[in-house]
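Naming follows writing order (A, B, C and D), and every chain is counted from residue 1.
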Amino acid sequence: MICIFVTGGTFDKTYDEIRGQLSFGETHLPEMLRLGRSRVEVSIERLMMIDSLDMTERDRALIVRRCAECSGSRIVITHGTDTMVETAAAIAHEVAGKTIVLTGAMIPYAFGSSDGLFNLGSALAFAQTLPHGTWVAMNGRCFRWDDVRKNRASGVFEECGG
Amino acid sequence: MICIFVTGGTFDKTYDEIRGQLSFGETHLPEMLRLGRSRVEVSIERLMMIDSLDMTERDRALIVRRCAECSGSRIVITHGTDTMVETAAAIAHEVAGKTIVLTGAMIPYAFGSSDGLFNLGSALAFAQTLPHGTWVAMNGRCFRWDDVRKNRASGVFEECGG
Amino acid sequence: MICIFVTGGTFDKTYDEIRGQLSFGETHLPEMLRLGRSRVEVSIERLMMIDSLDMTERDRALIVRRCAECSGSRIVITHGTDTMVETAAAIAHEVAGKTIVLTGAMIPYAFGSSDGLFNLGSALAFAQTLPHGTWVAMNGRCFRWDDVRKNRASGVFEECGG
Amino acid sequence: MICIFVTGGTFDKTYDEIRGQLSFGETHLPEMLRLGRSRVEVSIERLMMIDSLDMTERDRALIVRRCAECSGSRIVITHGTDTMVETAAAIAHEVAGKTIVLTGAMIPYAFGSSDGLFNLGSALAFAQTLPHGTWVAMNGRCFRWDDVRKNRASGVFEECGG
């Protein structure tokens, strides 16, 4: 059983056609798992639905607490890409004995040409196979929480030495 | 570096609008990796482009040979779902010391509502993390080659005891 | 009020993932009208759900009869492209005083890259504006029933002299 | 020959994945016409690429001038929905002897679940069949420029008396 915690991010952004803006509604996770015909046993819990640039220390503390509390030892977290590495660090400092994989998307799932489904598939696979620790799964790769950064110019995740 | 061998299957079927039939054209692998913003180093080699129900012993021998020959030790094979398990067994009997992951799709990638991108993401992740052996990655899960079957009624992959 | 008669055709083909074949299920018309945010008053009636190459004289007689019977004077028919012109001729010989527009698709709506939504939008517009008569709406254009043919090599509809 | 003037609007908005915002890039018109397999003879001219809320009198004057100047008598204009009616009025007061159809979308074409392709199909059909005048084509319907408004609460276009 994998616990999936939803926090929002580009992954779950949608288009508000009345206001002509990006916004958050319901999470697309259940629909994405259906599309992928996933048979992985999961529980989905929505912790928040926000842009990761708006994430406060309080929000981050909630994510850490839910990771510590949840009974399973394998966790996937969907998260905005801009502060994913900060949240990974916060978790790594507080939670031990679990495999925790953060993932996200550069393009909203709802917008057709999204990397979200690819990332979700890889994150669920990494969560099933990697040893305990906190990881970031993006671009088909998996990074240790303390050796990854988002290259803001290219939108790609890379090792800090990379 | 992961070697990707393309063999066809539903994954790569397309719609021939002049004849009104399903058919094979070019592989969609490069486009799918672009969509997933994959930064995994891969080489892509198209071995054949066929329905796996039409796969002969000769075809299967070619797949086994290319798995044995390729210099890398991590391999992903896209394959029709109907005989994926047979090909996995053929490989497992002949190739040692490599991590080989077969994957496919229930719906063609070209048809919009496909599980292909999810499966490709998980297969690439499994290929990076699993120990040597031959595996089938479908439905977000990973099966040992000798404990998996396709349930033809439901279209789902499951353990033989399952 | 426009009467929409559904007869099947590529327009409504779907992919049967268990059998790995093209097939017919429910019509996609209501979903397409929702996607197009259509506010045209319509009634939708499914007359049959078949490939137009399989259409019999009996099927064609049913279409003609429903066109004659329906109370409205504006009708759209979704139809396979292969025999659309024959059905148009059958209707034109029997039904007068109505504007009847046949349309279809080269790619199934369910397959993502379909021309179906474009054709439906144009067919509904032509049905609201053209004088009485039987018309074929494909490729953004509208043809009189007696001056149109499907070019089977290119998949394009054109004037008979064209 | 139909002249298509592109002015931007939701129709052509895209998602800037580096900045995480909606933005404008190239127009999607040629791709949409290809998808619809359109065989209507058109010329496409991009006049501007802006949100219609940002449209100035100067922008509107340019649209009016191009409508007056263009040699053809049938014109389609893609436009943001918020001020589409104002631009239609500006054109109607200055241009005579032509059939001019404004259309747009509630959801960007690039976002998958868009009404754009449906609206484009209907706008091209209306432009081929309606008498001279300035029209707004949305929701599968066609409105006279002086009897239409966008209902901002529902996002639907309706008659002023409606």
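One rule holds in what follows: a residue touches a chain if its C-beta (ideal position, glycine included) is under 8 Å from a C-beta of that chain, and two chains touch if they have at least 3 such contacts.
All values reported here derive from a predicted model rather than from experimental measurement.
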Shortest walk length in steps over touching chains, subunit A through to subunit C: 2
Farthest chain (mean CA position) relative to subunit A: C
Approximate Å spacing (C-alpha centroids) for the pair subunit A, subunit D: 38
Intercentroid distance (Cα basis), subunit B paired with subunit A, Å: 26
Centre-of-Cα separation between subunit D and subunit B, whole angstrom: 45
Residues of subunit D touching at least two other chains: 106, 113, 155
Touch-based graph of the chains, sorted into line, ring, star, complete or other: ring
Residue numbers on subunit B that touch subunit C, as the complex places them: 10, 15, 17-18, 20-22, 51, 82, 106-108, 110-113, 152-155
Subunit B-facing residues of subunit A, complex: 32-33, 35-40, 106, 113-115, 117-126, 128-130, 137-142, 155-158
